[in-house]
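The following blocks contain the structures, represented as structure tokens.
Both complexes shown next keep chain A, but they swap its partner, so chain B is in the first and chain C is in the second.
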Partner chain A sequence: MPKIIYNHADGTHDVVDAPAGTSVMRAAVTGGVAGIVGECGGQAMCATCHVYVRPERLAGLPAVSEDEDEMLDCAAAGRDSERSRLGCQLFAGEAFDEIEVDVPESQS
Partner chain B sequence: MGTATQGSRVVVVGAGQAGVETAACLRDYGYVGPITLLGEEPTAPYQRPPLSKDFLSRRVDADGLELRSADFYADRGIELATGRRVDAILPAERRVLLDGGGGLGYRHLVLATGARNRPLTVPGADLDGVCYLRTLAEAVALREWLTRPRELVVVGGGFIGLELAAVAAAGHRVTVVEAAPRCMARVVTPVVSDHAEAAHRRRGVEVLTGTGVRRILGTAGRVRGVELAGGRTVPADVVVVGIGAVAATGLAAEAGLVEGCAKGIITDEHGRTSAPGVFAVGDCAAQPGPGGALIRLESVPGAIGQAKRAAAAIAGVRGTPYGEHGMEDERAPAVPWFWSHQGELRLQIAGLPEAYDRAVVRGDPAAGRFSVFRFSAGELAAVESVNRPVDHMAARKLLARSIPITPEEAAELTFDLKSAATARA
Partner chain C sequence: MALDQELSPAHSTRSADWVRLDDLHDDPYPVYARLRDEAPVAWVPAANRYLVTRYANVHHVDNDPETFSADETGSLMKRVMGHSLLRKDGASHARERKAAGVPLRPKAVKETWTPLFRRNAERLLVEMRDAGEAELVSQFAAPYAAANLRDIIGLPEVSPEDLTAWSQAMMDGTGNYADDPTVWARSEAATQAVDDALAEALPRLRANPDDSMISAMLHAEDPLSPAEISANVKVTIGGGLNEPRDVLGVAVWALLTHPEQRTRVLTDPRLFSVVFDEAVRWTSPIGMYPRQTTREVELGGAMLPAGARLGVVVGSANRDPRQFEDPDAFDIDRPRKAHLGFGSGAHYCLGAWVAKASVGQVALPMLFDQLPGLRLSGRRPVRAGGWVFRGLLDLPVAWDH
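Entry: the complex of A and B
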């Protein structure tokens, strides 16, 4: 099963097995990973699912869509031009089989 | 389990968005006592918004709707009981009575009973083929109806009705019947109503406004059409009623907790009701809004915010926790916001749909991307955005911090809203 590693600012991390088709946001919310909110349920309308993808995991990810691009500019924690993504737009089994992200310190 | 912990039990009634969030936040905020979450629906707690969107269009299935995984509740020591209804509250004894007998004592009780469909009461409303869309069971039934091409009449041009009309338009003949002169009239400005109606018509949906339903016609117990107030009959084999919701206040009312508020269970800004230890959050609660007046929100962000504040009060967390748990900045009160997804229309509303004396449009409705800024006595009151999430995000900041902005600035596309929202703070 695809795997997602969420790294937190305090040095801890969560590892979640995500069934194919599950987004980085949904996997975090259902599994109770702190720091990812997903208020709009994955509609790319709230930017509370912002994550920084680890550089070595960027290859193979789908391009940032126009909607995602606009929302990333609104994220509470600063945008990283390379690494920032909306967790609700990255799907296990489609965008990645294994991914590692850093969770921002704030989502709102 | 000793009496000490037994005596600190939190009982949450209703395992929907607000109830689950309350239980989860209690643990996040360090609450160690027992937590029992009781829900009358048979399934694990799920998200409602996709029922009229991605679930109906089959982009997700039921297991993609769950709010939290089964492990989540177990790992946090949250006792989740589904298929359990609370039949009565005994506030003086601090106990609830469960269906099928038995009771449960609490130190704190959180009512998160949500809202129920407002029923259509015209003749024929009980015919086979008349459905509603609030619960997963209702959504499953509707999805089943729509496995064959249908003539579908949607009664009510509100968010839910229009969302499902947008999905059903692919493959079915859809008519929306709205009694008010325009769709979503209570909550959006005419510019947005017009735009949405035009978009639905382009999709092939017939939108009839300013007309009520006189009765539903049937043959052998099954729907065959809808008779409008003007006399016209629209053929139908499925009728979905989306005429709003009423707060589920029954339990609280019977316990004497609802004082003169027909709209919802009255609470303070932390969700406290008039009974000691009893809170109410989510769709069932009427809480003081940003202006202080009681408002009942029917939205996921509203439910989440209220759950967080009630949990903080119960857990004894000082101030308002934020940051790690995604809480809004405590210096800035929560700005109510809402979204609706209708086909290619992504609508977001920041602020409350209250009276306004001026509305300006930013962007071009013809291009399908614009926002309407509503002002009241010169102050920004609410912002509706269609496919302009960036305006929406800036608007929430402007509203939260009462940052002044003029109608002229709002309407001027070259005026940088986002910078204003941060720079003028």
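Entry: the complex of A and C
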């Protein structure tokens, strides 16, 4: 099963096994991972599932869509032009089999 | 029956017959606090619904639309406005939301609408400034929200006064549980007036697309029908006016009554965005919305039958001490945590970015900048009201001029 590793600012991390088709946002919200809110339920409308993808995991991810790009500019924590993504737009089994992300300190 | 604590919680339908609608209207928060503690999912005869009052349960309901449907049977909103996206689930909701939402995304808000918000605010402030005092809800917050809304919707010929009257008449209709024929007559006249305005606007916008919501719905990849556009315009007139009006009034009142926070915000105007967000949490403009169960389900210790009508009480969830420390306090320094003032999940408020910009980035800074010494006038008491929708009813203010 695809694996998602969430690294937190305090040095701790969560590891979630996500069934194929589950987004990085949904896996965090249902798995009780702190720091990912997903206010809008995955419509790229709220920017509260912002994550920084670890550089070594960027290869093979789908391109940032226009809607996602617009929303990343609204994220509470600063956008990283290379690493910032919305967790709701990255789907296990489609975008990755294993991914490691850093969770921003703030989402709102 | 009083609170039924004798049955095992998982199998009881806990009834709270002590809840009175008048108390909810005047000050719902003590009622919510008792419900959260004693019966977080309670049958409330006065509201004819199960009220869901804890943050965790509200969040759960928002994120399980298959069990907790927005498509309520016998909905007065559907009767008054037609079947809008607000009362749809799944693919049909997503399709309409996608079409209607294009002009409400952050880029359009920033580039297209924010300059217009500034013009609308400036015009009203010029009209008010020399008077030295005003009732801020009716003289600024409501006409400001209405002027912004008519341009975003795409009905520029409609006066803000008409839009405000239609909004109120339709909202009164959606709450007309007493079946008052006078209320029906008013809401029907308002919906007819909206349809008349649409009859003029649709051919114009079909031929000449612009940045408005109606134009977006007409020219979407999967265009909406005139009936779908009509229902969605009506629900937008209903909701798009109350919420920015009410959060603006509440935010001004909060700053006028919390001088230390006001001083800091005036020193660092970027904090107006935090003021806006905290005002939405503290006194959520949409306090309650309906859902209906599609199957028997346990929620918050209560067993709900299929077809149960719920009232999802965001106004209570956002004051739940299980989620927010000292939740009754207005505090711009509280740790940032997600609140549910815009809802969550598939129905997350489509107008959230419009509200953030129009209230948090434009109206609040302009008001405090252009009305020096803004204060409560003391001529009349400040009045707040409502629980389904909550805001200030009377905010008499004065300033130096």
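Simple rule for what comes next: the second predicted complex is superposed on the first by the 108 of 108 C-alpha atoms of A that agree within 3 Å, B and C clash if a C-alpha of one lies under 4 Å from a C-alpha of the other, contacts with A are read in each partner's own complex, and residues count from 1 in each chain.
To be clear about the criterion, a residue touches a chain if its C-beta (ideal position, glycine included) is under 8 Å from a C-beta of that chain, and two chains touch if they have at least 3 such contacts.
Only a predicted model underlies this, so the values are computations on that prediction, with no experimental measurement involved.
By the touch criterion defined above, A:62 reaches neither chain B nor chain C. In the superposed model, A:43 lies in contact with both chain B and chain C.
The partner that reaches more residues of chain A, of the two candidates chain B and chain C, is B. Of the two partner chains placed by superposition, only chain B is touched by A:21; chain C is not.
Of the two partner chains placed around the shared chain by superposition, chain B and chain C are both touched by A:73.
Contact with chain B, but none with chain C, is seen for A:31 once the two complexes are overlaid on the shared chain. Of the two partner chains, neither chain B nor chain C is touched by A:93.
Comparing which residues of chain A touch chain B with which touch chain C, the overlap comprises 29, 37, 39-41, 43, 45-46, 48, 67, 70-71, 73-74, 106-108. Across the complex, chain A is touched by residues 24, 28, 47, 49-50, 64, 66-69, 71-72, 75-76, 300-301, 304, 322-329, 339, 341, 346, 348, 389-390, 392-394, 418 of chain B.
For chain A in complex with chain C, the touching residues are 29, 37-41, 43, 45-46, 48, 67, 70-71, 73-74, 76, 106-108. Of all residues in chain C, those touching chain A in their complex are 62-63, 97, 101, 105-107, 277, 336-338, 342, 344-346, 348, 350, 352-353.
Only residues 21-22, 26, 29-32, 34-35, 37, 39-41, 43-48, 67, 70-71, 73-74, 105-108 of chain A touch chain B when the two sit together in their complex.
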